[in-house]
Amino acid sequence: MSVDSSDGPLAAVRRPFEGPNTMGNSPAFWLGLAVAVAVLAAMPVLFGLYAAEVGAVFLAYALLGMSLAFIWGYCGILSFGQVAFFGVAGYAFGIVAINVATLTGLTVALIASIAVSTVFAAALGYFMFYGGVRDVYVTILTLVVALVLYTFMGQTAGGEWAVGDARLGGFNGMSGVPDLAVGVGSTGVEIGLLGHYYVTLGALVATYLGLRALVNSQFGYAMVATREDEDRTAMFGYDTTFIKLVVFTIGGAIAGLGGVLFTTQNNYVDPSVFGITAAALPVVWASVGGRTSLLGTVGAALAIQFVDYRLALSGSEWALVLIGSLLVIVVLLMPEGVAPRLHEYVLEYREDADPSPVPREPPAATEEVSD
Amino acid sequence: MAGAGLLNFGFEFVEIFAFIVLATVGLAVIFGMMGIINLAHGEFILVGAYATTFAFAAGAPLPLAMLTGVVLTAVYGLVLERLIIRHLYGRLLDSMVVTWGISLVMIQLTRIVFGNTAPGIGIPFGQLPIVDGPVYYLVLAVVAVGVLGGLYALFMWTDFGIRARATMQDEATARSMGVDTDRMYMSTFAVGSGLAGLAGALYAPVMTITPEYGTGFLIEAFVAVVVGGASVLVGTVLASGLLGTVNAAVTNVAGTFMGQVAMLIAAIVAIRLMPDGITGLLADWRENRGEGQ
Amino acid sequence: MATSDPSVKTTPAVDETGADSSRILQTRGLRKEFGGLTATDAVDFTLEEGELRCLIGPNGAGKSTFLNLLTGQLAPTAGEIYYDGADITGLPSHERVGRGISMKFQVPSVYEGLTVAQNLRIPLQQVVEPDAFDARTREILERFDLLEQWGTVAGELSHGQQQRLEIGMAMAMEPKLMLLDEPVAGLSIEETADIAELLREIADDDGVALIVIEHDIDFVETIADRVTVLDGGSIFREGPIEEIKADPEVKRIYLGEDH
Amino acid sequence: MLELTDLHTSYGKTPILRGVDVGVDEGEIVGIMGKNGVGKTTLVKAVMGLLEVDEGRIRFDGADVTDEPADVRARRGIGYIPQGRDVFPELTVEENLRMGETINEGDDRLQYEAVYDYFPILEERRDQEAGTMSGGQRQMLAIGRALVGNPELLLLDEPSEGVQPSIVQDVTRDLKRVNEELGTTILFVEQNLHVVQHLAERCYAIDKGTIVDELEGDRLESREAVTEYLAV
Amino acid sequence: MFVTERSLTRRSVLAAGSAGSLAATAGCVGEGAVLGMGDGGTNPTAAVLEDRSGTFALTGTAKYRTTLLAIEEINRDGGFLGEELEVFAPDPQSDNMRYQDLARHAIYQEDADVLWAGYSSATREAIRPLINEHEQLYFYTTQYEGGVCDKTVFPLGATARQQLGAVVPHMIETYGDEIYTVAADYNFGQLSGDWVKIIAEEHGAEVVGEEYIPLEESQFGSTINNIQSAEPDFVMSMLVGQDHSAFYEQRLASGLTDIPVGTSTNMAQEREHLRIDPPALEDVYAGVNYMEELPTDRNEVFVERYYERWDDAEYINQEAQNNYFSVYLYKEAVERAGTFEQSAVIEALESGLEVEAPEGEIRLDPETHHVEHTMRVAHADENHDISFDEPRTIEPVFLQEAGCDLTSEAEQTQYEPEAFYEEA
């Protein structure tokens, strides 16, 4: 909103990232976010390479979750097949990278794989939205697309299913996917274990800030308006079908980015990324964390995967029971998710703390903390 | 040879059609009548299968064992509806998320309680001449048609059916006509659950029963419900017919795998061409013909 | 002018070019059928720039259908719509809006989940630069007496406030033609008077042409330049309010008098 | 028979009814007239139990029914005819009528065939889907459907809405006949002058969520007195 | 479920502590590198990643249990080099992503000296990049398609060549030379199908029909029709998993039991002959290196000890036996090496070790890291009673022919038959 000089020069920097479409627009919030990022950045230093390796996988999941929160929470499109873009990008990277494992080749692979997932999302989005597919039918259609990929990739074991040197590998998956690298010719960097963690963290933070800026931009308002009431928004001169297509495509690109980072971390990708369990995970994160909160979904993705991981380490057979119950309880008690609920508490607390509130007075930007 | 080939195709179609119909009806009733997408549908089927197989192992004759499966699943559905599902009416997407959670819990609890396998039931009735398939498949097909007929009778001819349809069309008015709509939802959900249990019971002899048994039904069921659209019976029949034909035809020519892929792709195309399902298309068509208001 | 004798059923002479510059809106032979039912039939309608026209008629006379045809939410079965000198019959809704047609729905349909300021931002960013958002928002909210509610979630506003917000949102598009469907339904007497004054202002000061569907004849009397009576999907009468009120036929079909 | 005291309801935070007091005696035909959006439909829905009441009580046949759900009130003998075209569109005419049986499972219910006596057109169309009939026919169906339960009190929400004037007259006549022959008490809300003047024995005027007047006899017959409260 | 007292001790306390504090950050602080994650040093650790839930729990549970049994036995009898081997044994839930996480944890946090992990080839391939990167000693014990030639991996299960090499010739000899292959539609099944063709060719027989079935398919109507119209002398079944076991019930119901079935996958792994009512598996012949029913004294002792330790156990499958003997193989190697240091242990394993397994004498082939198994053909009669023919030793010849020699060259490849046999 308006540049309010009271926060000094930092306010101008913050400005593009703030607005009523995101929770957390106060200095306190940004400070908290900076601390959280710093803590994440310190993980490998504190806990060694292990934390970097495991953490990078979780962060790649978080990107996947964020892509869904973006399209579902901000534009009302629930894609149950977000993993399709995640997996397709992973496979695409593998195919290009295995064939040309040079610095240039790997750079091309990175770009190509994200391009493939983007184009795939755009094509699917065009197919759906311009065909009048809406609501729950979008959800099921995207799920079916993921399942088709699952079924199809599962039987590509034979040698005839190869692109150049890259074997698709059927259920055994595609192994030998090289690490990430960026460069041209002989100049560039190969990104090692530790580097990969920071690249993933950087990608996550950059995507988050990028999406924040986007949802607080004019386009962001158009998205939110489309989510709230598509017909009405068309009456204000917006081409809502196109808006949905763009949002869906961006979501596919982000999921694809997550998929590349995931695949290069594991040096491996297999059809289970398209399976129904994998497909449900982003929906779970967004539901629990709060789909209208990008950070809430990221937090939920990290927390749920971490708890799940700890439960698996403990060898407990109750892990899935716990996760499932958690999901049921959260959705029943907090339909909007954890982060928006916390946000409300924070607002209430602040109002209580300030006995003479001038409630949300124009036009000074609302000060609130959350996430 | 052509005759035998045609016969084989026919038999295969019957088999797949029956499977899709039985896998779908329970889900279709719950989705079509109540607007709940039940991702735990497969696990309702699982309840039916486990109840059947354990009742059978305990010495009950097969028909009685199957009946046990149906009844227990209906009761189970009733309990779940009261505890959880009733909070989700009008929250379509939430209902998907919550029922997926339920499905996770049920699969794992089944595993913890019953282990990874359950006792098997042999396929009854022996084999058919000429096409050499089990007679039981024809029985399944007959039951599938019977279920459709029964549902038709239930919803079209009985007071319960009229009230259920009225509730679905206009809850407030139905309530003002003295219908206890809460109870309608409850019993409709129980009927849907019972039908899921029936699928589980009927396929208990054919498919190996494991905690993941239900997932084997899920995809066909979903795809058929969505392709079929909101009208439960017509939608189920048409979608099962369409998908069954595609699957059987392609399987016959290019193998099981291609059959499955072809069916899923047919579903994608169908949803794209008919965003409100087959019955949505029918309704439009009828309206265009000037029968609508 | 459309007609000189308002007591006679009018079929305005159709301009051959279809584009008289003083006419903001003109329809020719507009018809809409649903299934077998004709909701709007052969409507020839003209509206001058800056005119405030009220549309009255019994329930089912085709008023809402007519409005929906104008906004593009419905496609006509036959006939043309000219707006500001151009044929817009085939244009999709959002493009008509872009040309300056703005609509307020019958049921207040603000974005209930968004704040008042956010609500306004959605139309505003279609027409003004980001720098001007705050100033324009403040201006509109002041005019519609909603400044206090700047940060209030629209779903929490009173009925009357929602109506005002919605008219404000329509005005934010800087329209040349505004269509309103029952803007005072359910409002208190004071609120109704406020809206009446606002609409007059919009017509007189902003030069926006308005078409208002309204049942409340008192309200119609306060605001309308002219009145069009629809019945059975066609234009039944057109003229100044006094003449319409005095017309025995209008009394018969609309006042529900004995016959 | 029916007594509403100080009834308040709201939509979200917006008050709709702001203290309504209405009484109806057995066998009476009472109208409530008012313009669009003054709370008429809300009032009927509140009596039927389809809306929550913020404040005030509803008594029917001596019992306080304020907190009872609609289906229980229906079985107590309140019949409801929703606004305009609210029949079950995908049920046939006969199925719609049979829905009436659920209201009243006792012996005193009407056989749905008896309704055909009042509305012969319905018999002709018994197997047609209700959604495909004209507004007037649907209005008759809605009335017939409520009659099957043989209610003590019939609530009507704007029976004239979306109906041709000639049909409005028919409906008015039929309702009077029902009242006379079956002894059904009738409470209706309306903004149509004809219905108000020809059907009601007594009429309340409602505006801005409160009862502002009560008309009977001469005043009810006077056009001026009545139009004061109506939209036109 | 905490698996043993031993594994319960330290780790479960840690796990409980950190799972309690759900916050992601708080959880990690318990066991960091800088913050003194004190796992290195003390006792040697084995990581046992076997499924106790999910699709592969049916076989994984027994694999897990026999591994524990062997380790406990050795620990009791003086240990590995005099030390007790600790066990890290979470449940990977048949989920490949989870396997990757857990393998990482085993390597980094548990400093695992040796790893047993996974049932399916897909699982093995999912963790092999990690194994290779960290040069982790890894025992993969499932019977599999064969061809893995990898310096730190020891695929000890019988290969398709070994299992099919036992059963296919036997079937051709007994029933005739027309074969119909039905196999699971994924890597293992497709390669096994290739092997059937190769072995058939070697024995002058012919594959008259082939069909690959998606893993989740449980309807075999069209397959059975096709078999019936092809009229083969016998069927070779490489069906896998519980959905596929419905094939046998449908085989019975369709009257296909008059055509015998040879298999490399059924009975010995998922005990179809016990799970499915007779006579659905009548005249099914399995090429196996082990089945619980094996009537040898050595095996009977093993079976008895197993059920004593796990009184609710259901069956010892072939792979579970492989896990069991491989623990003893590991002990031998550690003792020969005199250290737990992995490269030294691998070197010791490559010195031509032999151990007494329940199936009989087995020898580890140094060049290929595979095992010379004692193979048998197991036959199920109409009551599903099992009988065995004469045992024979089959070497892992394929990799030898392919030129895999890990003692001289540290490869990380998987060879496939199609590169070497034109029949494939």
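The chains carry the letters A, B, C, D and E, assigned in the order they are written, with residues numbered from 1 in each.
One rule holds in what follows: a contact is a pair of C-beta atoms (placed from the backbone, for glycine too) under 8 Å apart; a residue touches a chain by one contact, two chains touch by 3 or more.
The shown structure was predicted, so the numbers you read here are calculated from the model rather than taken from an experiment.
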**Study point:** Graph separation of chain C and chain E (steps between touching chains)
**Key:** 2
**Study point:** Most widely separated chain from chain A, with each centre as the mean of CA atoms
**Key:** D
Study note, to complete from the structure: Busiest interface, judged by C-beta pairs in contact, is A-E
Check your understanding: Using the average of all C-alpha atoms in each chain as its centre, how far is it in Å between chain B and chain D?
Key -> 42
Practice item. Report the inter-chain centroid distance for chain A and chain C in whole angstrom, where each centroid is the mean of the CA atoms. Key: 44
Check your understanding: For chain D and chain E, what's the span in angstrom between their mean Cα positions?
Key -> 76
Exercise for review: Please compute the C-alpha centroid of chain B, do the same for chain C, then give the distance between them in whole Å.
Suggested key: 50
Check your understanding: What are the residue numbers in chain C that touch two or more other chains?
Key -> none
Exercise for review: Pull out every residue in chain B that's touching 2 or more other chains.
Suggested key: 108, 111, 215, 257, 260, 291-293
Point to revise | Numbers and ranges of chain D residues touching at least 2 other chains | key: none
Practice item. Over in the complex, which chain E residues touch chain B? Could you list them? Key: 53, 55, 57-58, 61, 185, 211-214, 216-219, 221-225, 228-229, 242-243, 245-246, 249-250, 252-256, 275-277, 280, 314
Exercise for review: Please name which positions on chain B make contact with chain D in the complex.
Suggested key: 159, 162-163, 165-166, 169-170, 172-181, 291-293
Point to revise | chain C partner contacts - residues on chain A that touch it in the complex | key: 1-2, 20-21, 218, 221-222, 224-225, 228-229, 231-240, 359-363, 366
Point to revise | Residues of chain D touching chain B in the complex | key: 45, 48-50, 69-71, 73-75, 80, 82, 86, 88-91, 95, 98-104, 131-132, 145-146, 149
Check your understanding: What residues of chain E sit close enough to touch chain A in their complex?
Key -> 1-3, 7, 11-12, 15-16, 18-19, 22-25, 27-29, 31-35, 37, 52-53, 89-93, 95-98, 100-102, 104-105, 108-109, 120-122, 124-126, 128-130, 133, 185-187, 189-191, 212, 214-215, 416, 418
